[in-house]
Each structure stands twice: as C-alpha cells, then as structure tokens.
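Inspection log for the structure reproduced underneath, given as structure tokens.
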C-alpha cells in the first residue's frame, strides 16, 4: 500500500526524521489553521496529494505568499487530475530555504533479496535520470537484517559520494531512523527525496514516500486504518486484486496475476485494450465475485468483459455458483457483453452451469479469443 | 564458577530437564526429610558433593536400602576428603533402574570459539576414554548463536550415533532445554552425564555439572548468591585470583596469570614446589593486598613467599604502599621468609619503599631466583 | 528422474484437516504422492483418512521420517511453520500460503542459510512431478510425465502452458512454481542447475512475467551453466508502464523488469522468448 | 613498518577521564601515540589536556577521522562500546577491559563478521609499536623499536619477555597482547600472517601458556604460511594437571592445552619452544 506524502511524513516524524511544518487541507475551511500552524513568515507551499509522480511538472505544487493567494489557488488544485488521479487533498507546508537537494531511500534489492540503502548527493525530481546517467552519483549498501545498518556503511557512502563532512552525522542519524521506520512499519519502500540541506546546515525531508507491505497490515492497526482511503485496498480485503489502467475498454476477470497479464496481452493482440484487471485468486467468495461483477458492470469505461480462469486452488463450480448468484442479485442478466472461459479444477461442472444460464462459455483459450474477435467485429 | 551437583540440578530442573528426586543433607538431622521426599520404595543413593571428578571410585557414592543404613554411612562420607577436597554435604537421591547411560554436554569449542553440543551413547564415568578411544561414539555440533540449536542437528547426531529412534524426541527436547539453560545462565559448561534411560523409556539426568561465567555473575543475582559457598569466589570479589594447588610449600603473589605460571615454573626449576597462586591483577586495593598477605601468612602449608610483579596497569608504588599498610596491620613484620621483586610502572619508588622497610627486594627476575635458591639452601 | 520431488518424497501436509488442506490432500494423493503425515496443532494422535496427524512438524518428521512439507495454513501461522520446518531439517518446503509478510521472508531467508532446507514459494501453486508427487494445488489434468522441466512465477499461467504442452504430447519432468512474492525462497536462477543436472529433463520452459529481475538473473545462469534448450514465455508485454514504485524502486531495478529488458537478456543467453502459450509448444518442437 | 598500529594511527581513548584512563592517556602520549579524541558519555564538548572529548565513538570518529580505540571502561559498559566501535567502522579496537562476559563475546564475534574491525583482547595489556603507538597499559621501559614481532596471551609475561629482549638489544616491531579470556577477538593464528607480511618483522616470538588450544592452532598456520623464525615461550610447564573443566571440556580439547601438546605441535611447525624469558633471547640469537 502506497501512502500519501502527508501520511508518510506523519509516520517518519514519529521516528524523529525532520519534516517541514504543515497541515493537510481538504477544503477552504482548514486553510486558516494551516496558515496559523506555519506562520506568516514562511507561508507557504501547496502540494497536491496524489499517488503518482510528476506532480510538480503537472502544476500540482504552488508557492504562495499569503492566505488570500492560497485561497485563490486552492480550488484550481483541488479540482485537477494528475495522470488521471483526481486531487482531493493538499498538504500545506512551510517554505524552506534550500541549499542542496539529496536523495535517500530504502527498498528491497531484487538481486540480493535484501534491504538496500540508496543515497545520492543529487536528489530532487530528476533522481532517476541522475542514477542512470551518473551511476557514480548514487551509492548503495545492501543490509543484512541480522546485522542492521552500521554507521560506518552510511559514513562510507557519504564520504564516497562527496557529501560535505559536516553532514555525515546527520546522514547517519537520519538513515538509522529511516531504516528503523522501514523495519518497524514493515515497509517495502521508504524514501526521502529531496532530503534538503537548508541554510541552517541541517537536513529535512521535503518530500517523502512510504509504501507498506499489504501482507503485514494485520499486525499494524494504525496502518490498517489508513487503508480505508484506498479503493484498491478495500477490494483487496474482499480477495480482489484490482488494477485500474484508466484507459481501454475491456474489463478482465481472472484468477492469478500471470493469467491476467496473458489475457491482457491476448486482448491487445486482438486489437483492443484492457481497462482494468480483477484478479480473484486470493480467496473466492460470493461477496468477492459479486463486488467484482458489480464493478465491471457499473464502470462506464468498460464496454465488455472477459472472464478467463484456469483453476487450481479455485474450484470452477464454486466460481460459477458465485457468479450466477451475483448476476441474479444484479437483476438476472449481466448488463454488458461477457465472454467466459473456465478450465481446471471442476471446470466441466462450472461450464455447464454457465451455459445453462445462457452465457457463451469456452473451454480452450483460443476459443475464448476467437469469440472475443467476433465480438469486436460486431461492435465496430 | 563451578557449581555443586545439587546446585546444577536445581537450575536444570527450572528448565524442565528431568532429574531424580532428592535432597541436600549436611548432617543427620535432615536425612529423615530426604527419606520422606524420596519414599521407602526407591531410597536411596548418597552422593558426596565435591567439585572434583572420580568421586565414585573414591567411595563418595553409596547405595542404601534403608534410613538406618543411611544414618550409619553418613558420617563416613561427610568426614572424607576426595582428592584433598573435604566433603561437607551430600545429595540423597532416589535409586533408578538404569538401562543405558548416555552423555550430553555443552561447552565452548576452542577451535571455533563457539558453543558446541556433545552427545554420546556411551556415557558414564569413562566418557573421556570413550571419546579418545572411540571417537566415532561421540558426536559434535557447533552452534552459531544467531541460528540457535536446530532440532535437525540433534536428530542427525542421534541418528548418526545409533541412538534408538524412540529416544530422538527426548534427546531433542533435553538438548533444547540444556542449550537454553546454557545461554540464559551464561554457562561455560553444562553437562548431563550420565543422562540415563530408565525402564520407562524416558531420559533423566543422573549426574549434572554446570559452570557459569564469573564475569557474568553481576547480572545473575541468584547465581551471585551461591558464590558465598566458594572461598575462591569470595577472594575474586577482592580482585584476587586464587588457586590452591593443595601441595607444595611456596606461596606466590604475582600480577598476571602468565607471570604467576612463569614464577611457578622457576620455583620448580629451583627444586621447590608452589603451594598456591595469588594473582592480584584484577584491581589492586589495600583490602586485596591485605587479604592476600594474611592468607599467605596464615596458611600453615606455606613455608615462604615469593612476590614477583612486573606492573603495567598496576603501579608498583601503590603495591608497595598497600603491602606495607597490610604488614603494619599484621603486627609490623611479615611472619615468614618473603622475597620481593618489583618491576615496571613506578617500580623504582616501590622498591625503595620496600627496601627502606627492611625487605629483600630485587629488580631482575634472575636476582629474585638467586635469592630464592639461597633461601632454599638455608632451609634445607 | 525429476527434480526436488519424486516417489521417494515423504510428504507432510500442514493444515491437513482444513477446508483447502483436506480437499487438496485427496487430490495430491490421487496424483500418487506419498503423504506420510499431517500436522494440525491440537489434533496430534488423530487420523485423516488413514494418515496420522501430529501436533508439530518435528514430531511428524521424527515419527514418519518425512522429508517434505506442503503448507495449507494461513499467513499468520506460516512463518513460524516454515521456521519450524527449517529447524527440523525438512528438505523441501512447498509454501502455498499467500500473504506472508515480506519482512518475515527476510527472517526466513537468513535462517535458510546454513540449513538443509529449500523453500519453494511462498504464494506458489507448488511443485509437481506428474504421477509421482504433487506438493501443490495445480489441476492435475493439465500435467503429464515427460521431458520438459517447467518453472513459473504465476500458477495460473503455468497451468495454461502445461495444459498446452500436455495436449501437444510434451509431458513434464517437474513443474515448479517459484511464487509471485517479492522475496521467494527459490529463484529461477537456482532451479536452472537442477534441471540441467536432471537426466530426464531435455528442455526447460520458463514461465515469466514483467516486473522483478528474476528472469534477467536466470539469463546469466542459463548462459553460463545450461546446455539444454530453454524457452521463455513472458506475460505482460502489452502492459502500460507500471505504476511508480518510488524512485528507489526505479533506481534499483534500473530499467530491468520490462518485457524488453527480459527478452534482451534471455535472447542473449540463447533463450527463445515468446508471448503466448501455443508459441511455447512450437518453439519446443523446433528445439527438440 | 609494523602491524596494526603505527604513527598514522588516530586513537580514541574510551573512558579518558577516569582514573586508569587519564593515567594511561598520559603514558600513551609519552610513547608518541597520536591520540585524537576521548569518549566519555556526558562529557562531550569538554577537553582533557587539550584532547577533545565526545559523547560517542561515532562522534569522535566523524570529527577526528579516528581509526583506533582503546578501552578503559568497566566490563558493564565495554560490550556496548565494542559493538558501537564495530558499527562506526573503527579498524583496531584494543579492549583492555577485563571481565567481559563470555556470552557477550559470542555476540561481539558474530557482529565482527562482515565488519571492518579487528578487536584485540579483551582482558589484554593492549598492543604497542614502540615509539609510534601504544594502545595499552604495558610499561614503556620494557620496549624498544626493532625487528621482533611479539604476540602474547599474558600481559605480565610479555613485559618480562620484551624487557629481556630490549636489554639484549632485540627491539620489537609490534607487540600484541591477544588477551587471556576464553574467547578473544584476535588469535595467535590470525596474527601470524600479519607479522609474516610485515617487512620490518624479522622474527616472531609467541608468549603462550598452558590451557586453551590457541598455540596449537597457530602451529598449523606457522607451518603453512610463515617463513620467518618463530620462538615460543610456554609458561606453566610445572603446573599439576589442571582442575577438571568437566568431561565436555576434556573431550573437546582431547589432550590439547598441555605444555607437551603445545610443544609437540609447535616443534612440528619448526618453532623453537622454551620455558624461561632468558632462553627466548638465546633462541632468537641463534635464529638470526
């Protein structure tokens, strides 16, 4: 689960990582409180809260001098969409006098399957390009959890990357706290970028990201609480992996991520485009299938639906039962063209049930895709 | 600190290791209580409590059938000396029907400097010979503390050593508990020998040894309490390492174990024999030196005293001051022939002080030993 | 021959009496698997369809000389169970369980070093040597014995691929699902030498997908250590650029993880890379 | 030349303002040691005779680019201090402190793996490269610069041996006390290759004693990796058979640890073994 900037910062602050003063604002009424919290002197920066990058370039960050100016700009930002993500909240923060922008991050090194600390003296928006074009400007240290993150490792990185000596202590301190947060919150990603040096020679996390492990939420009640704000997470609670591609016209309902991707590839091969994935592999239930089908039925962008399942753990007779129950509750007929393929455990029973209810059902993948191509022809 | 059998057993019992029923007895009056605790049926075994091996062969273990028989034998055992160790307590235990005697021990492997589990199906009194003559009858597993003692390691040892399958589970269980005790009590040695199989197919620790780390006693109040029973430990509290060799006639007072051993070798080379070591290296104090000198003065077996010190951390002016103070308190004159050599930090001042008080003081080791040889000639 | 599991496998089923556990215990048995014990804490001493149940893995191992485990327990219990299996010296652990926290896997990974255990998964469909041993949830109808070693990240996609292979008369030596999580006990790269050493395996199929760098790592191993033909199917070629994993994620993968990156790395190792299951059959026919 | 420490050593003194710490800080300085910082928690920002004091080892390392530490703190504080020094990447730690619990040393040992730190001791007199760097408590009058590398278990005995060497005109390249505890950070066997590689060291003296197996282990290393003459003095040849360490102790050492065992092992490696300090001088003269 990816947290919003303001959520990440609130957590990092608990670990003693310095962050700017600020407040979350969802409408005009709380802007005054943000202004009071920050003070006239360093007011203010308005930052759209969205779970995507490139927000600055898209106009999602504005610097203002006064409360009236902030009130004027607020509706523009709150109304905008950044890469199809609607903005419904802002973080209002103090302005800082930034001398240098650095990068510090923790994630899992996929080669070593171990945590890795990343550090760069050239942080900010273009860090990915820096890392690609100037690999020597990026330092890495792979962490063995039983040994922890030793101070000398951070010091070596700082020295090797040419960080000024006066900052080594602060870098060690913040890296230690970030690693502690990474472990205790069971994060998959923890990032401070830019980690800025201000005029006072101190470091502060101007922007932050934190992604936590969905699988570990059950032992983090306070993170679990945050989940409510994310549609994909509430679907996950019903056993559904949902990915909204935000373009395309075909809705996919499958079991398993690999099968979902294959189906998407086959849809593309046939000349169409998938709109969203729904992977029901994490526990089949009446409620889960019903939620999935309702979502596919109601989302206006979806013109037709492909159901492609090859069941192992999931029994196809159960799937058919749950789907028919759900469709019954929706009024007896699925409101959009729907093509179904069921294969694997108890598939024959499932197919018979769906066919008897009047749906087009395939056994083989080729058959499903042939039917899909026919459907496409008909709609064009 | 080596604990008595009954102390070791009391601790092992807290970790769930099976031990025989029994009671410590220091005189006739508590024998009745021991009889009651054990019961007529399996009464009883009398075991002298001494910190040395070979107690069985020396007659320190007696099997009795009745309380009167125990009462009759008690004074004999309580009065005896085993390898110069006086017996002042007994452990009275139930008799067991033993089918097989095994060996299980934990200590530090000196090659790896890591804990090692030792296991043998041929336990009992001759285990050291078994280990030497039949090395294949002894299994070892070196333990990495961060990984602990895995069950499969014990199982592999048990299988490889030909333990009957029915005992594997019990061996794993007891080894796990013994390792837990080893770690939590900060032991240097934990041993169950024999670990006996009784008629009921279960295992029980018929004899046990436990040595704990003197250096760790400060964080184990209950072990620290036991310390009082050991003369050498109470001396240690005053900064004195004391080793009583129980034969010989020369008392040694040195700084550092190596120097003590060298002095002992030189005494032997000169044709005499050291009676005891006193190493004052662990913190020189007025009280420590005074205790040391009193012990050397009062122990009747000691005919003369050699003081040989080459000080680094220990300052020889301090040593001289403390020694003179102590001798003053003993009546102004050390009651036995005493030869002194002081070298190292501030040695010149120390030598002058001792010489002015009328003692024979050397600078060089050869000089000390020449004086010693002269002394020997005079006494012979 | 085969890798990891065969008819000498002595399997313990964790969570045997649960809904999934009991259902799949029957199916695994039907495949010929030698299931010697179940483990259900609190039910030690009972039986399930003639199979003895124990309270702990160690008891099952001691009593039945088991050498493999399959997990049908929830994530909250699986971590401790896997640690117990490592402690007991179980050789192959098939961790079907989905949802094991990543930081638990870091712990498990460290414990695996110096152990004798190989963990397959978690979040895997398991592994199968057709008609000999099945330690998983895959639909048996998709599998036949034969000369193709299959390793897959996605269970569902591997069913489809194996089903196509079987229909075309290309049976499988062993099929291993490595699992879909970020940290898995056994990677593609670690399976390559096992298939290479297995006399019955004549070709290898890798069922991969976009994301992660496991296919790229395997490419290096294949290049250096594998003489057998390898065909890779990579799903997700039509996926739009992934949702950002943060800069740290992007930096550390440095452009790896895409279909193109995987195809290039694999082709450089002499691997035929395809997109759809039918093409796997075709590529294999050309390779044989 | 020398090993481990020389005039480029930048030393931090732990417990600098204590009774022993202050006394020996002065003596170490008199030997020429470059003491760049002291560490005394709570006294950060103060000075001791012109030397800046910090609260933590890491601060001292950061501010003064220190690369070595010497410990004059009690055992109760030393374990954490050594772990901190490892964490800070200090290269040489001279752990004078006596009384560190053995199980703490097991912890320290594991932490040392994968670190850049070498721990000398604990319970050691420290190490000295005469007139360049002294990280210990040895009496300076016993040492002179020269070609003999000395390594010793017992501090006091090494003073005596070095004093004899110096009187005979045989100065020392570096003298290292490995410490008298059961588990030490650096063993004789680990020092042999360092002396072997040091151009100035022309011969090695090992000051050993009965007990333990460190001399026997070193004999193997000397046999295989050392071309320089080695003389060993082993104290305790007249000791009566040791007090039993329990069967486990006896079994695990299997007759090693005695004077005879050590002499045999060392002689087999070409080492001249003697009993008394004067004999060391004689043996070295023969070797040169």
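A, B, C and D label the chains in the order they appear, each numbered from 1.
The rule is simple: a contact is a pair of C-beta atoms (placed from the backbone, for glycine too) under 8 Å apart; a residue touches a chain by one contact, two chains touch by 3 or more.
Small disclaimer: the values here were computed from a predicted structure and weren't measured.
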Query raised in the report: Which chain's mean C-alpha position is the greatest distance from subunit D's?
Result: A
Requested in this report: Round to the nearest whole Å and give the separation of the Cα centres of subunit A and subunit B.
Outcome: 64
Requested in this report: Could you put a whole-Å number on the gap between the CA centroids of subunit A and subunit D?
Outcome: 55
Report summary line: Distance in whole angstrom between the CA centres of subunit C and subunit D is 52
**Report entry** Residues of subunit B engaged with two or more neighbouring chains
**Finding:** 144, 146
Report summary line: By the touch definition above, subunit D meets two or more other chains at residues none
Requested in this report: Could you classify the connectivity of these chains, where an edge means two chains touch, as line, ring, star, complete or other?
Outcome: ring
Requested in this report: Pull out all the chain pairs that touch, please.
Outcome: A-C, A-D, B-C, B-D
Requested in this report: Sort out for me which residues of subunit B touch subunit C in the complex.
Outcome: 144, 147-148, 150-153, 155-156, 165, 168-169, 172
Requested in this report: Mind listing the subunit D positions that touch subunit B in their complex?
Outcome: 20, 24, 75-76, 96, 98-104, 106-107, 109-110, 125, 136-139, 141-142, 152-160, 163, 180, 182-184, 207, 209-210, 212-214, 217, 235-240, 243-257, 275-278
Requested in this report: Provide the residue numbers of subunit C that touch subunit B in the complex, in ascending order.
Outcome: 58-59, 61-62, 86-89, 111, 114-116
Requested in this report: Would you mind writing out the residues of subunit A in touch with subunit C in their complex?
Outcome: 2, 52-53, 103, 105-111, 113-116, 118, 127-128, 131-132, 138, 140, 144-146, 183, 186, 188-191, 193, 209, 211, 213, 215-216, 218-219, 243, 245, 247, 254-259, 261-262, 264-269, 274, 281-282, 309-313, 343-345, 347, 365-366
